[in-house]
Structures are given as C-alpha cells and as structure tokens.
Amino acid sequence: MTQSHSRMHRLGDIVAKLGGELLGAPDIEIRRLATLESAGPGDLSFLSSAKYLDRLRDTRASAVVLGKAQRAATKLPRILCDDPYVYYARAAQLLNPDERPAPGIHPQAVVEAGAQVPESVALGPFCHVGRGARLGERVVVGPGCVIGEDAQIGEDGRLGPSVTIYPRCVIGKRVLIHAGAVIGADGFGLAPQAGRWIKIPQTGRVVVGDDVEIGANTTIDRGALDDTVIEDGVKLDNQIQIGHNVRIGAHTAMAACAGVAGSTRIGQHCAIGGAARIMGHIEIADHVTVTATTFVTKSIRSPGTYTAVLPAEPGREWARTIAHLRGLERLSKRVGELEKGSKPSAKKRKRRK
Amino acid sequence: MTQSHSRMHRLGDIVAKLGGELLGAPDIEIRRLATLESAGPGDLSFLSSAKYLDRLRDTRASAVVLGKAQRAATKLPRILCDDPYVYYARAAQLLNPDERPAPGIHPQAVVEAGAQVPESVALGPFCHVGRGARLGERVVVGPGCVIGEDAQIGEDGRLGPSVTIYPRCVIGKRVLIHAGAVIGADGFGLAPQAGRWIKIPQTGRVVVGDDVEIGANTTIDRGALDDTVIEDGVKLDNQIQIGHNVRIGAHTAMAACAGVAGSTRIGQHCAIGGAARIMGHIEIADHVTVTATTFVTKSIRSPGTYTAVLPAEPGREWARTIAHLRGLERLSKRVGELEKGSKPSAKKRKRRK
Amino acid sequence: MTQSHSRMHRLGDIVAKLGGELLGAPDIEIRRLATLESAGPGDLSFLSSAKYLDRLRDTRASAVVLGKAQRAATKLPRILCDDPYVYYARAAQLLNPDERPAPGIHPQAVVEAGAQVPESVALGPFCHVGRGARLGERVVVGPGCVIGEDAQIGEDGRLGPSVTIYPRCVIGKRVLIHAGAVIGADGFGLAPQAGRWIKIPQTGRVVVGDDVEIGANTTIDRGALDDTVIEDGVKLDNQIQIGHNVRIGAHTAMAACAGVAGSTRIGQHCAIGGAARIMGHIEIADHVTVTATTFVTKSIRSPGTYTAVLPAEPGREWARTIAHLRGLERLSKRVGELEKGSKPSAKKRKRRK
C-alpha cells in the first residue's frame, strides 16, 4: 500500500493512551489509519460527520472512531469519544511518530565560525549556517537550507529542504517549516521620487513564536524598522505572503495562497481562507473568519464571518449578471422616473411612515 | 540574436519529417523559428490566426507555415497544414531538441545507501538522493534538488534546479518539473481543539502520472491518508497550489497561480485559467473550462465554461457600480412600493399568466 | 533592540550628506532610524503624514525629519525637507549601508569551465555557475544559487539564497533578487492536438534591465520565441508571476502576488497592486494604477486608476447582496412591467425629452 510503515498498535493500547470508550476486543491489531472508503483489515478509521454514515456501513476497517452519539451506528469494534476528528489527529500522531534523522552535521554542510549547532541537531547536506546563528537542541534541518547570520531556531524545530532564514530572524520552539519557504527577505519598501523608486533598507526582523507551522514556498518579509511577528501556534499553509511589519495573532490559521499586506495586524484565533487577501495598515479582531478568495479592505472590529465571494456560474448566466450589473445605473433611473410618475403611490408611502 | 543555437534544417527535410504541403524550394535553409514580426532570413514563421494577416504581408521570414485555407495569402515559400500552431510546436521541437547533459553523478551530489541511480542519469551538484529513492533511466536532475527517501522518478524525467520531491512520492515517466517546485510537503491538516490546532500527520503520497509538466515554485501537497494524484498528461504552470488528496484528471491544463483546495477531483481535459481557485471537497466534470481568476465554489457536473470575472473599470465607474450594488436592497424595495401603488398594472400582470 | 548594528552618525553629518534644514544641535548622535512610536534616545524618526501628529507629540526620538510646513510641529531637534519619506529612505541607506561579504569563490561552489567570475565577486557555497555564464564586478551570490549556461549578471548585482537563473538569461546592473526567485523557466506554451498537449519549446530569454528588484519566490518565464523583458528600475515584490513574452515598462512597481499572463505589455511608471491579475495579449498604458486584487481583462489606453474590488462584508450582508445580484434579471423585468402599466408616466417621460 501507499502508506508509511506505521508500527503495530493494539486497540486497547490506543485507548489507554488517548482515552475514549472501547467497544470491542482490546487486542485487535491496528497498523495504520485510513478513510472509511479505503480502509481494510488492520486499519483504524473514523466517522467525522454524520453525512458519511453510508460509508461507515460499507467500510472494511478493523475498527472505527465514533462520536458518543453514534454508539449504535455500527457493530464494528469502535472507540467512542467527544470529537472523532481530534481523536483521529491524536491517533495519527501516535501511529506516525516523527522520524528524526540521526543527529550530526553533514560533512557537506557549512557552519560558519561562531554559529551554535548543538550535538543533538541534524543538519543536512548543502546547508549553510551563518556566523552567530544559533540552533536549539534537536533541531532538524533538511538539505539545502540557508540560515543567515545571527538567526535563531528554537529547540525541536524542523526545516524541510531549501528553506531560507534571512539574517537575525528568530524562530520559536517546535516550529515546522516546509520546503522553499523564505523567512525574512526584504519587505517591499520604496519611496517614490521623480518617477523612480528609492529602496528603503529593511532593518527589522521576522519573529516567529512557538508551535508555528509554515507551508511550502510561503514568504514572510522582515520588518522595515520594527519586526514582522507571527505569534505562537499560528498555522500558515503553502504560498502565503506576509508583508513587512504584519502581526498575526496566536493560533490563527491561514489557508494556502492567502496574502497580508504590510503593517496589518490580525487577531488571535482567526481563520483566513485560501487566496484571501488582506489590505495593508488595517486591523482584524480576534475570532474573525475570512472566506476563501475574499479581499478585506478595511479594519474588522467584531468577530464573525466576512466574505465577498462571487461563485462561478455557467458563462452565459454570468454574462447576463454582468450586463445587469452594468445596467444598474439605468435601472435605478427608470425606477426614479416611475416614482415621479406614480404620485399616488409616492403619497401613500409617505403617509405610512 | 537572442536564441539558442538551433541546428540548420532544410525546408524539405522539415516537411519530410512533419508532413504538410510545401510550396517553395525544399533546399531553403532554416535555422530557427520566429514570430512574423521578428523573423528574418533563415527563420521559419507561422500564421496562427487570420487576424495577423497584415504581419504576414510584412514578414521577412524565409518561409511560413499556414493553414490550408491560406494557400494564396502570401508568395513566400510556405508549408500548408491543418493546424499551423501544432505544426509550429512540432517544428520547434525538431529545431530545438532537448540538450541533455552528460550522464553521471556529480562529485558534489550525495546519494544515500540503497538509492538507485542508473548510469544514464545526470545528477547535478548539491543534489541529495535519499535512502531507497529510485531514479529511472536517463533522468536529468538539476543542481540543488532533493529527492526524499523511497521517492521514485520515472525514466526520462527532468528536474530543474532546487526541486524538492518529498519521501515516497512517485513521479511518472517523461515528467518535466521546473525550478523550486515542491512535491509532497504536508497537506494542511489540522484539527481544532480548545482554541489550538492539532497537527494531523500527512501519511499519503503524491503520485504523478506520465508526461506531466509542473511549473516553477508550484506546490503539490501529499495526501492526508490516501494519495494526491496528478494523472497522465496534466500540465501545471507556475505557482500553482494543489491541496492534499486532490485528483487532477488526465490532460487537464492549469495556468499559473491557480489553486485547488483539498480533496477536490477535477476531471480530464479541463482547462483551468490563471489564478482560478477551486474549493475543496467538490467535483469538476471532464471538459470543463474555468476562466482566469474565477472561484468555483461547488461541484460542476456538465462540460462548459464557468466564470465569475469582474473586469477592471476606471475607478470612478467602478465606484458607481459598487454604490448601485450596495443600493440594490433599497432599489428592490422601491420597486415593490411602486408595484403596490400601481394596482392596475399588477392586475394586468396576473391576467396575463 | 531588534535592529542591525548601524554605525553612529551625527545629525549635522546627515544633513551635510542628504540636505535639509537642521533645527537643533548638529552633534546629536544618531544610531538608527525608528518609527515615532518605537523610537528612543539615539533614534532619528520621521513624520510621513499629518495624521501621525499625535505620535510626534509623544515620541522619544532624539530627532525627527519633517516636511517644511511642519516646522513648528515639535520642539525636538529636527530636519526640515521637501519629502520626509524620501529623506527617511535616504537616511536609512546612509545608516544601513549594504554589507557585502568578502569577495571570493566559496570552495564548495562549482564554477564550470568558461564561466567568468571576476575576483571581486562573492560566490556563496553550493552555487553552480554554468558554462559560459558571466558575472559582473562585485556581484554577490548567496548560497545555493544556480546560474545557467551563458547567463549574465551585471555588475553590483545581488542574489539571495537559492535563486535560479536559467540559461542565457540576462540580468542588468545593480539588480537585487531575493531568495527562491526563478528567472527563465519555460513559459506555459502548449498546442492542443487530439486531446493532448504538445509542448512548445521556449527558446526566448528573460532580459532584466538595471536597478531592478525581484522578490522572494517570484517567477519570470522565458520567452517562447522572443524575450520576456523587464525594463530598468522595475520593482517586483514577492510571489509575482510574469508569463512569457511579457514586457514591463521602466520604473513600474508590482506588489506581491500580482500576475501577468503571456505577451502582455505594461507601460512605464505603472503601479500594480497586490494580487492584481493582468490578462495575456493586452497592453497597459504608462502611468496606470491597478488596485489590489483587480483583474484587468482588456487593454488600458489612458493613465488613471482601474479597479474592480469587492470589499469583504459581514457574511449575512453579502448573502443579501448576492441574492439581489442574482435577482437582477427579475427586478429588471418587474420594472419593465411597471413601465408598461404606468402609461401616463411613460408619456410624461417622453414629453420631457
């Protein structure tokens, strides 16, 4: 099969470690997690939503994780819990523990004088660690990474291949950064003068908190004067762009291709949808959801969901919608003319108020 | 001139290899292809659309490729064929054959024990090939690529510089991947619990079919449990983002900056425009065209073109459009009032039904 | 503090070098620049807009840069000038001069035979310079860059880590390219034939002028036949995508995540907002501003601002807007019915004309 070699676990051991109520034999062997559809013998599956109940009926999984309310939804061996999706996440972590490579500095890595690389670090080939850079205990750095002068990476950090950390940036503990991400390149700071652009040196840093995840090819610019800050527990998907001097509040998650322009502050516990864009120099409150592809142009002061999504339509329907949109001015005038012409109804309207 | 050194070909040789009807001397020497505007002696050009007929009149090309219907459109030496654009593609392949570097493993590449790298492979400097990875015959890997443990690349594959293939991903035959692409980084799998995000290990793979092209800095996430699948002949432009567990059907093409959220299935022979976005967990039928920048929010069951494009307007016009759009509720109420007031016409409407 | 170690300057020296009128003691020591809010002793700050006058009142900066009209806005030591933001840019350049690494070819870089790398060049570890490539005087290349065969980089150019320059591309003088940028990968050239895509070899180049800046993970495709051209002084932010055969006019700036499809020509001195998209095969005049996220679908012949921004709204309001938008056809018919019914007013309308 297509999966990594998980170790074998017994169902009873899983429940002992992760909790939940076990209905079924505790010695059932579980080798991996799988969706209801693709599961087979040796697989543990889960029901994340009642709409998949028919899949539950047909699954060949050896056991399933269910919400407490679904106790009678199957006769399969099952674990009942509060939140099957969270349980699945925990079980997946249990069955697929991080495989850390053996510690050591690869002979084809270059570590400059004055850099701190503890013995517990695994530094891949073709990495360059600049003067004064400091890596925490047990940091794992994939091949081809560049860690600039005086940059810091906290303990248990993991960098995928070809990640760039520019000088003086600070990465917290247990941060996971995927391939090709660029942390701390210059912000886009230009002053216009006589038709030309004068570059403004970007002298701030990027400061990333603990337990942050940063997706592949995501870019986070260093601050112009002050720092760009990504607080604890923030999760950034792939190809996200964070401008200079942005601050992203703790435990906010942003889906792929989202972008935040310079100096904007996003609150804590926000959820920013894929390809959403957020204007510069504004503030977003805590607990705000922005839907995918939406453009936020001004500050948002209250929690809630904000959107401006135009769903795709068949071409001909959309063409009519656009024509009507373009014709709104005329339509509005026609209504005005009618109102002038229909005096009685106009009077009636006034009387009602 | 600015072009690579094509070898010289005679017009007759080109027709012998690629077909078409030659009107003109077969011994005319052709050194390169060029647009009608920039062509000069020694260049073969082509007329892809009747709207460029005036450029044909002025071209200095030594010969041109034309559709059969354009036989009399010029007196230049010419090749008549069914589809000049396809002919141009074929001729360009003939005149610009792939230059494969000499095979061999660069002394500054690192190949881990148990990796299979055939003698016909050209592995560039600063590449890292993980344990158990398998490269097919004649694969060319540019400098700085990282090929993870147990990953596979089929025969005649070509990787530009700094490409990352994460562990266990499978790349088909004759696949071309441009610089900076990242195949198989973790999907964005998070379970929310008590205001924090729990990471869901991503244990699936990316499986890429044969004859696929993947653009620069494009990212394709590995599956959460099952695989992310890119079928044969798919063409992905630059900076595309493909979420976990997506399946893209054979021969579908996606232009730059498009994005597909997790678990969505796109059919075969689709054309997805630049910066188009496709919601997660939906299905797109075969032969669907999505226009550039459009956001597809729900499944599409029928072939055709789908769109929601808002074309740019001069700022003042757009401001009025937006104001009218915002005023639609009021306008609608005003029309309702008028209808109430104009009883006769309301009656008339009913009578007609 | 968080900033790089600027050298100490005296206020009088700064004015001597950059101009402006000094009100205050010329021997005040300035160590760095800072915003009004974060400044402390030893810092020079600036007032870029009258809306920050309250911050000026509270600042702890040792001196400030002000517009001439603000002469009396503070009693702090101050420099009066025409454009405080430009002055700040110049002062920042003065206080934070580029730190060029010591010249030399790192022993773990690979330079192929026939490449020209002057002694004044600093070539980082794990760089690969192809046959025939030519680097100008004082070029600085970060770790892990790949410079293809016959590519050129003009004098005083600077490449961040992991930049790829594909073969034969030409980069001008004093060009700054940030990490992960890819210059000269294949354009997206495909000819459809019988349900498959035939690749069109991309034989043009990318030609970049002088004084250009290119952001992290930005991609610029090589031309299909002719070149893709980025003229002098163009500034491109991160994650921008430039298609093949595009030409971007001198001194145009594009914010992050913007994209330009193939063969489009953008004029000089344009400002393209973040995530704006520009259709292929069109022309944009000089001095055009395109707002962030706007999609330009056809040529723009006159200077000015062009937009189609839909600002985010609270979800419920947007749902109503969309419903009304979808209902426009019906609303329009209702107005038509009213017009038919209200003959008198229709007559009146005619009489007025």
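In order of appearance the chains are A, B and C, and numbering begins at 1 in each one.
What we mean here is this: a contact is a pair of C-beta atoms (placed from the backbone, for glycine too) under 8 Å apart; a residue touches a chain by one contact, two chains touch by 3 or more.
Because the structure is predicted, anything quoted here is derived from the model rather than measured.
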item	value
Superposition rotation for subunit A onto subunit C, Cα-based, multiple of 5°	120
Same vs different contact residues, subunit B with subunit C, by half of numbers used	different
Distance from subunit C to subunit B - Cα centre to Cα centre, in angstrom	25
Set of subunit A residues in contact with two or more other chains	108, 126, 144, 162, 180, 217, 239, 257, 309-310, 325, 328, 331, 335, 338, 342
Residues of subunit C defined as touching subunit A within the complex	2-4, 6, 32-35, 38, 83, 85-86, 88-90, 92-93, 95-96, 106, 108, 124-126, 142-144, 160-162, 176, 178-180, 213, 215-217, 233, 235, 237-239, 251, 253, 255-257, 269, 274-275, 292-293, 309-315, 318, 322, 325-326, 328-329, 331-332, 335, 338-339, 342, 344-346, 348-349
Residue ranges of subunit A touching subunit C (in the complex, touch as defined)	108, 110, 126, 128, 144, 146, 162, 164, 166-168, 180, 182, 185-186, 188-193, 195-201, 203-205, 207, 217, 219, 221, 225-227, 239, 241, 243, 257, 259, 261, 277, 279, 290-291, 294-298, 300, 304-310, 320-321, 324-325, 327-328, 331, 334-335, 337-338, 340-342
